[in-house]
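What follows is a group of structures, each given as structure tokens.
In what follows, chain A forms one complex with chain B and a second complex with chain C.
== the complex of A and B ==
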């Protein structure tokens, strides 16, 4: 009872401290959708020009293309090669329009609009031109739509229906092209390629790998990898979405479904802490594929290969019935028996002999329910697996990306400390690359990784940080920068000497003036989807937890990467989760939960944006939604939690941390003048900074959590990387 | 089939009809007799509805008797008469195949199972828990 009151008191204290922070809702930073979006204020009206499109005059900013003028007038121009996030190639000629006083039709995507231009898009000339282009494109395009995976969602198919001629005049043989092997994820049928070069531009511009290119000229030109190798990018799957025809399709999805039989659900990815917006396409009970959804503030329109291809892991090794350890090993049980057995185990021991460990995929609802239950049991041993469970979570700005994900585009000097964003959050890395392309200077401390853009490497460990503090040139650069940013990786927070290192980082933050009145450039990157929510909700060891005896009962909330010392040999282990992996193997009781595609749950990404997943497919077998398991358990323990529905539970979430009430928005946290950091000074005395280099926490990008480890696609990707080593790839460093 | 069922129903009707001399008398005896009637029909029911895949004769009999026992506290002879009347209606609709397999499974296999679970609980459970156990939460 005393303990409970204590923890309640701690909670209200926390809430009170949080209140002024989170009740201030800051307007979101303006989003930068494309690399052409300038950092200058929006163009003044005087910068606009007038053009006429089909007789209607529209005003557009100076420097826009003819295509932009047409779309401002509400006219959609057919296109293949133009893409708003890629450079302009102007090689497909599908976007031809007529411009008065121009001798021939112009490619509207590449032609800048001039004042007074008279553009026509519905004349016989334009119709003829489009028909002609379609005819040329179709000369060498095979007629294999019935066996093509793009069928039904193919730009070429749609546009030839719409703009093409009704008959062909072509009687010769079509050319054919050898398929290229791009690895286990992207399938190629290169005969279908129309040479729009979107994939090439994506690889070089966004993904930052020089793997794809065009060889040959004219009729002999081919898209390929020059020599046979797989695409060494973590974003390679995006070329599938970009390819307007069926030349690049998904290998795992090949021949498994047609797009019109799929049911789509827009939800959120949990394979990393970025929270990419995704669309889960399902047929019946099965997830057939995952594709990105555009969200300029988070993932633009890209997702990582892990987010896209790990879905086959959702079909394997699933836990579908409660299991209780009996005489003959784990035996299947009714829910009632399993919950009773769990309650018995928890009821037998003292509160501080219980320990809860949350996994990488735990959602906020489950975390708060587990925390409330733990508090009612008088247990404060709450942990998040794999590292820094005891990071101080009192001040949100201390563990979030304060610039926000889109805001980092403003930065002009960025210092990366102990992080490899390429493996920790590849889509964010693409954004950093974009910042670099716009002229920002990037420097890094820690092990050297190939980040797809050059960084000034300042050293490997703490001594480099000291050097910077003593006045290396980068310090001056940061000080002089308009928007300096520092990005601290999860690997750094994992270190034993964290306090000492962070103390130095903070000194740097102060010295370099990274936090200013209107700009907070201190960013922390995380690598797992549950982490920020856990910190927000205070799912941390309580003050007394350090003096607790070794746990006798361990409750794993989907935790498979716990460290051995957290789960003693003789402990009774309860595993609640969706996959049979390390945790389930060790467990005495298994309570089957649901995966992220099967529930509506809240996750917070590393900029502090709460986002909700939606159930795309039903739960497997007799599994239950995670928070309900804990709620049911609490009742059998005689300490019922005060919420019966998700609505009430979410109210509770919002009471503990107010930003949970506003999903999909970022409430910028207060910096509190770095007050918080002062505490490090006292703590840093305990463990001095060590010389070991700063390392990223993600060594193997493809297999980080239980879903991706179960996925065969991901295993194949790892294998392919191993046999086709790519020079400079950072993925297999120890 | 139609012809066949007429003679079958006659046969079953005979099986299920109490002997005239038993109609009066104390109600305990009436109930006992009715239970026997039901029991006599059970082997046929199992065979006819292919219930042997999910239940044994003994189990089914225990289930039926559990349903009888639900009314153990009824002492008013009139009420007993009505309960027997209703029971016989059920019996007939089973015998005449007015019920289908899933009706029987729900009524005589799943429902008694639930009853037993409920009786095994020390105290009543909340609506939430009930829904949780039966997987009826969203």
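== the complex of A and C ==
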């Protein structure tokens, strides 16, 4: 396929160019993936061609562009429309270079390099061409940089400093364009648009929604939605980063800060289990915006709208002082009193009458400290909220995305079981779409969702799985595929009949030969940031937990989505967390912790990659870092935990689960040849597979955890989906 | 024939007599014009009411006296602006003093003269920049037009930016809103 070959070439080039600057340590994997390719020289010598750039000879892979040749020679070509991850448009003409024996300057982004080509980028002709293009672009571009949100980080502004004239020759009126309403997240000032069509290409190619397009011709051409509708993609915020000018900017960030005032911290997102790498931009104590950081192995350079826009939730309903239930309700207290009251409550009851429930945003350090403390108290009732507390965590490959996130790109047949990656991990869904665009076949079992790419829908529930096992065509396809993959969603793990369904899935894994010597195609998707770390560290109910009495004291580690039966009415509840929500409403003691932007903590994503957040802003009020609260509590309880510093705590993490010692890398788990899963046969007898369809665990993408529920931006996004017409809504009539 | 006996009848000539009569007629017509002007200016039925309503200020305020008592009678009322200011013209006056305004709101201390109440439409006419009176402007008002008001500097109505201590809407400088328990 031409498309695939082109993108492969572009990808390896990209990797070769990006590898030296990328700080990410990629997974050491036996497989040949795009990420492992980045550690090797670009390609075999037979595939290379020699070209000359400004007199220097460079060798580049066959089929790459003139621009790629220039960047291989270390020359940066100015550009607006060209973007590595999007198709080539070649319409801005900013990247013109001179090629010997070519009558005119050529657009380097679209021109394939030929052997022996002599490219020149520093001649008067090139300079004149660039100045001419810049003058044309500035004809209709307003001179409103002082009131433009892109000011200071604008490609057009920067390049006009190099190639722009100091005076204009244009005396006519400038063109003006009506602004478009794309919803509550993306702001448009369409007069500033230079028609690079990056946003259009992103929407159609990466996000997979046909929302944006260009209407009109020549001077009348406009980027827009044609009829007013919101962008229906969960990745819509990325067009803000893509836009080289200030035509598409962030609505919540509008007029709040200038980019030179901001202090950036590169950290990790916790809004879903993907662990997207993000940059938190803060001014003083306030998070002003969140933008993606490139990590080819995880999120490429995209983040979801939730990761990008939920930051205003960090400024609302925060817990800033310890609160203890007194005569007049919850009263603010000193830390000493609060910890003593907590210790008293925990000390009064027997070990197995205590229950610890971790929330979606609990970090690995807190989980291990809580687990160690619980075990010292003789308590084994450990749980992660909302679902599958009793999933077997003995074997890591049982609950991880073994193919890894970037490894999925190799897959040629993919079966999705009970998952909607579009809401569970939208950036991963974009990668699945990329796999589809490169020619892979995707099939799904479970409730039908619009995934932005077509899938062969095999049925809704367990009976479809049985049918596949009995020899539906997809089985043959999986068997014959070179790299088959099965992706199981968190919704399926939540089911009562999980054991029976998983046993069928594993039978299929074995039958379809999804796990091979050099390829593990069994993947489990998760929907919350704390889940994999909890499973890795064994933050699970102990063997005796099932026979424990109803808990008298419940310790909530930021848990707001606990189920009612886990927290009995008469239980004494201690809530440790950063937001006042359902958990804090119920609590008798509140211990204020810190959010993910305020602490350095470890989270593990669903491929098993431990990543560390960094503190971007100080903690709120009298709040403390979460693990230190538990450490202090253990001291008062007379059962001190054996670590006094974060370094020692992380050593403890590495002792419990060795992969915590190597952050930013994936340590591929053992598969055990499927022997382990044969044990499922013994367990599946308890609850037989039910006919209920497999459902995704995330129905409302924008509001999943306590931060996104508190966020006004997310509430507006939910409201807009209900009110504004968009792709797939009944309100939208084309 | 003679309505009144002139006080100097014994020694005066016909010329003196005519002058006297002429002067009397002038005083009469002037005082009638003044009375008319005062009633008109203050919108009252009688001169006494007009004086009570603020005409007395003319005895304290030279500018007002000039406008009302000296210039005012026999002047032409050219027009009135949105705020009620009256614009007069009398071409027999010295050039530069031939157009003047009598302000509608004379209550403000100390003199009641507030030049910034002259509306932009009348400003040009008043200062002899144009001969077209403010009420005859043909230009359409722009969509962003707001009614004219006086300069509020130094008054409680003056503009105070957000965050200024004069601003009564106190800005919340707290960046983080904390949770308040219901119990």
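To be clear about the criterion, the second predicted complex is superposed on the first by the 683 of 734 C-alpha atoms of A that agree within 3 Å, B and C clash if a C-alpha of one lies under 4 Å from a C-alpha of the other, contacts with A are read in each partner's own complex, and residues count from 1 in each chain.
Criterion: a residue touches a chain if its C-beta (ideal position, glycine included) is under 8 Å from a C-beta of that chain, and two chains touch if they have at least 3 such contacts.
On a predicted model such as this, the values are computed, not experimentally measured, just so you know.
Looking at the shared chain after the overlay, A:315 reaches chain C, while chain B stays out of its contact range. When chain B and chain C are set side by side, the one touching more residues of chain A is C. Using the contact criterion defined above for the overlaid structures, shared-chain residue A:579 touches chain C, although it does not reach chain B. Of the two partner chains placed around the shared chain by superposition, chain B is the only one that A:635 touches, whereas chain C remains out of contact. Contacts of A:622 after superposition on the shared chain: chain B is touched, whereas chain C is not.
Once chain A of one complex is fitted onto chain A of the other, the partner contacts of A:251 are absent, as it touches neither chain B nor chain C. In the superposition on chain A, contact is made by A:325 with chain C only, not with chain B.
By the touch criterion defined above, A:431 reaches neither chain B nor chain C. Against chain B, the residues of chain A that register as touching in their complex are 334-336, 622, 624-625, 628-629, 631-632, 635-636, 640, 644, 646. Within the complex, the chain C residues that touch chain A are 175-183.
Of all the residues in chain A, the ones that touch chain C in their complex are 284-286, 314-320, 323, 325, 329-330, 579-580, 584-585, 590, 620-621.
For chain B in complex with chain A, the touching residues are 117, 125-129, 132-133, 135, 137-138.
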